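As structure tokens, here come the structures.
Shared between the two complexes below is chain A, which has chain B as its partner in the first and chain C in the second.
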Partner chain A sequence: MMGIFHIIEYDFRNFFRYKWWLAGLISMNLADLFVMAIVYNKMVDPELARQIMGYFSFFAPGVTILGLFASAFMIGREVNMEVRREIHYYMLSLPLSRIELALGRLLAGGLRGMMYMSPLLLTTFAFLGIPSPFQLLIILAALFLLAMGISGLSIAIAVSTSSFEKFVTARGLVYYVLFFCSTIFYPLSLIQSLGEEGIMPQPLVTLAAINPLSNGADIIRSFLLGIPAFTLDMVMNLALFSALFATTAIFAYMKIIQRT
Partner chain B sequence: MSGDADLVAIIRTVDLTKRFEDVAAVDNLNLSIEDGEIFGLLGPNGAGKTTTVLMLSTVIKPTNGTAFVGDFDVRKNPNDVRKLIGICFQEPKLLWVSTPWDVLNWHAKVCGLATEERKRRVKQVLNDVNMWEARRKSVHGLSGGMRKRVEIAKVLIQRPKIAFVDEPTAQIDVIGKHKIWNMIRQLRDEGSTIILATNELYEADVLSDRVGIMHKGGLLVCDTPRTLKDSIPGGDIVEIHLEKEATDKVLEELKSLKEISDIAEINPKSLRVYLNNVEEVVPQIMKAFLKRNLPILSIKMSEPSLDDVFVHYTGLTIEEAQQKMIKGEADG
Partner chain C sequence: MFLRYKFLIVMRAIWFIAQVSFFGLIVSRLVVFELKGIYFQYYVAGIIIMMLYSVSVFIGYDIFEEAEHGVFEYLLSLPVSRKELVLGRSIGGGIRSFIFVGPLIAIALAIVGVTQIMNLVIALSALFLFAFGASGMSITIAVALKSGDRFDILMGVLNALIIRLSTVMYPQVFIEDASNVYAGIANFNPVTFASDLFRWGVGIEQYLTMTPLLAILGIVAFFFVFTFVGVTVYERRLEGGGWK
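The block that comes next holds the complex of A and B.
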């Protein structure tokens, strides 16, 4: 089992080689939060703004999830690169079992996301209030599961796309679908009303509701803002999707990496 | 191969085959490698050396057949196989954003070396391969030969029971080559078995205890470099310059020696003799001339190199090569 830690160490080393770039990204996420929150507060319908406790409060958990997603997804790019450069041959020759290798990559990807996200989460807490220890535990557990799911999704995409172009295209598609059909930027009530008016196709409305990114953002909001009301379904749904992505990733990674 | 039964085979392949689409990169390979030897796997480009090494190290899976590495089946117990092996890849596999020191330190850690031992060995080997100065450089900034030095350092630090080294000194300068060859020999002397894939004949010759020549995915011949060289009929050449003309009698006597396959008369006083086992035959040749009072002015011997062996065997079909080997063994 030590093998898993070595793989995590390896992936963290890679991650920290970009420390300045990462710091830049986090600052940009924070800048987004403040700029967008101020601008949007002015643009959003006052009635809606009141419902969502002001756009800043609403968007802070959203940015936290956004950061988590982008950073946990980075592992995919590295895995894809390794396969193309045949560095995975080296990984496959090391005294590790395939499952240790796959689990290590998955965990590393997720933990890197957690690390990247923490300043964003702390900012959210600073402005929206501190959750109770129990709430904090649920938030962290949910975000950890989500991070694993995202890491898994990116690994699965990385090993099933042969070229970097295909990987980037797939990544772009996933980003758009999962970001915009979610409650990261706007509340589910708004998406649902767009659905009822026929502006937004119904499948996308459903996707927004079951999207684990929505659940992640809404769990934080429910504890800090009280809207939407916390339900166990949110956690279950998020856990289910994350487990699905993570398992798919582990199998895909183990199978495809040793395709030859 | 003769006499396998009483030797300890640490690696044994059984009809090992790897097909990439319609290309059989390795084709029904049956090979056995003894514990503690340096086994040279020779062959022209595309012969299937690297593919064989990758299958034996569980990196890729055989299409057919299997191999036993230290008693473990590469198909059934790959995890056990990986605990025994270390590999120096033909194309250096350096983690893409790293320094030599990080690459090697991490490698040693994964291979289970304890902290103190690890630091000592990483430092030692980095020094030995002349990479200590460059240990903090990004691998992107290393030359081809430098990357190769880091790649071989992995195995030298790890000291696995079974080491696969795929063209370990390609791109490395002459002084570096000799240093690395010595380190590979030392690794063997400390108890490792080494599988050396190479198409550098000199390297295979000076390093290998036994050599297997691969061609088109199959094994043509397999023996010690000495035996292989002797297996080429008339592979040795002796040029003799005489004071007087050679007589028919003496030529007849020479031709009757079974090691001599041909004699060419460059001129009546100079002969070129094609033969095997030059060390043993030359005294007999000298005796034959002196007996007839034909003084020898000078004598020049040249041995076949593994180059000649290589060209000789890879120029044949697999069937022809095996026939020759069998015939050679019967004659010897």
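The block that comes next holds the complex of A and C.
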């Protein structure tokens, strides 16, 4: 068990080495919220604005999820680098079991995401209101599941790509599909209406509905804005996503680092 | 050298497709009535400028890679003056951005359409200067800082603000409505000049911030400032030694 904590500590130390990258990410997230969202607030159709409680309020939970995703995904970059530079032989030489090593990496990725996301979540609370302790607990549990799933997804991609270029390309594809085909920037009703008109392919509409990023953002919105209504399906989707990618990542990581 | 970054090209192409086919399309349904019929085309034109800017400033990262591998000292040892070197890098950076963004401009033109060929030619010519200026700005900052970390953070913040505080994504009238400070910055932002000019070139003239002539003058000023400031900084920072 202590081995897992050592790995988490190792990954947290690495995380703070990227302070420049983190500062850039923070400034982008804040610019999205305090410039882009404020201007869009004035541009959104008044009828729709009433439904979503104003664009700024709608987008604040979205930007929290954006930050969580980008920071939790960073673990994949490090794992990919370690595999390419064969640093994993050093990791294997440590007095830790393979499962401790894999679990430590996965947990570290998720916890780093939670840590980075916290100020953004607090900013969201500052503008949208404070949830009740029970709601806060659900929000944090849901975001933790999301962070673990993202960390798992990123590790799974990292160990299945042989070069940094392939990893970055795969990461870009996953980023953009999950970001834009979600309810981070716009409500699901708009995506569904494009689907009904035949403009947006139906599989993409379904993806937007079950996208874990949509569920993460919508859970925060449901407690702070009252829209959309909270359902257990949202948490179930996140739990499924988290379980699927955490398991895949653990087995893929253990298999890859033991490959000779 | 730029063609080595195949992954960057693929990434940017994916980003462009995602921006146009998801964000642009969906947000065009989100906006107020008077923008509904035009916003998708407006956004596609803006995305081209966003892409042109981000690819042009990439040359700063090349400079750090060269410095890391000692290529910088080799370039300084060549029988070319510092002025020629920085001018060549700026122009090279601008041209390669155009080579990369060219196919995407063609796609954007197919989506948006062109009404006045002459306007488009004028706009594209001015955008060349914009790309040279953006490359020059990136080189200036890279050489002035001489630190990859500091450059990374400054460019991250600058990119986040310069794009969002411009008319790339939204017309000036809505920025004014949101904040006079933001509108004031957007008015003097070279990215605003470029996006206004490109929109004028393709015939989206409904929400222009300024006259095309003013936008051209703004881009010319941006180009001259950063080319000449770039030359000066380059000479001062590197005279009597190399990168370190």
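Assume the second predicted complex is superposed on the first by the 256 of 260 C-alpha atoms of A that agree within 3 Å, B and C clash if a C-alpha of one lies under 4 Å from a C-alpha of the other, contacts with A are read in each partner's own complex, and residues count from 1 in each chain.
The rule we apply is simple: a residue touches a chain if its C-beta (ideal position, glycine included) is under 8 Å from a C-beta of that chain, and two chains touch if they have at least 3 such contacts.
Keep in mind that this is a model prediction, so the values were computed, not measured.
Undergrad: Now for A:His6: first (chain B), second (chain C), both, or neither, which partner does it touch?
TA: In the superposed model, A:His6 contacts chain B only, not chain C.
Undergrad: Under the stated touch criterion, which partner chain does A:Phe185 make contact with: chain B (first), chain C (second), both, or neither?
TA: second
Undergrad: For A:Gln258, is the partner it touches chain B (first), chain C (second), both, or none of the two (neither)?
TA: first
Undergrad: When the two structures are overlaid on chain A, which partner does A:Ala23 contact: first (chain B), second (chain C), both, or neither?
TA: second
Undergrad: Using the superposition described at the top, determine whether chain B or chain C touches more residues of chain A.
TA: Larger number of chain A residues touched: C.
Undergrad: Based on the A-chain superposition described above, do chain B and chain C contact any of the same residues on chain A, and if so which?
TA: Dual-contact residues (chain A): none.
Undergrad: Report the residues of chain B in contact with chain A in the complex, numbered from low to high.
TA: So the residues of chain B in touch with chain A come to 20, 54, 57-61, 79, 82-83, 85, 87, 89, 91, 93, 95-98, 102, 106-107, 109-112.
Undergrad: Residues of chain C touching chain A in their complex?
TA: So the residues of chain C touching chain A come out as 6-7, 10-11, 14-15, 18-19, 22-23, 25-27, 29-33, 35-36, 149-150, 152-153, 155-157, 159-161, 164-165, 169-170, 174-175, 177-179, 182.
Undergrad: Give every residue of chain A touching chain B within the complex, in rising order.
TA: 3, 6, 9-10, 13-14, 17, 81-82, 85-87, 89-90, 92-97, 258, 260
Undergrad: Which residues of chain A touch chain C in the complex?
TA: Touching chain C from chain A are residues 20-21, 23-25, 27-28, 30-32, 35-36, 38-46, 48, 55, 164-166, 168-169, 172-173, 176-177, 179-181, 185-186, 190-191, 193-194, 199-200.
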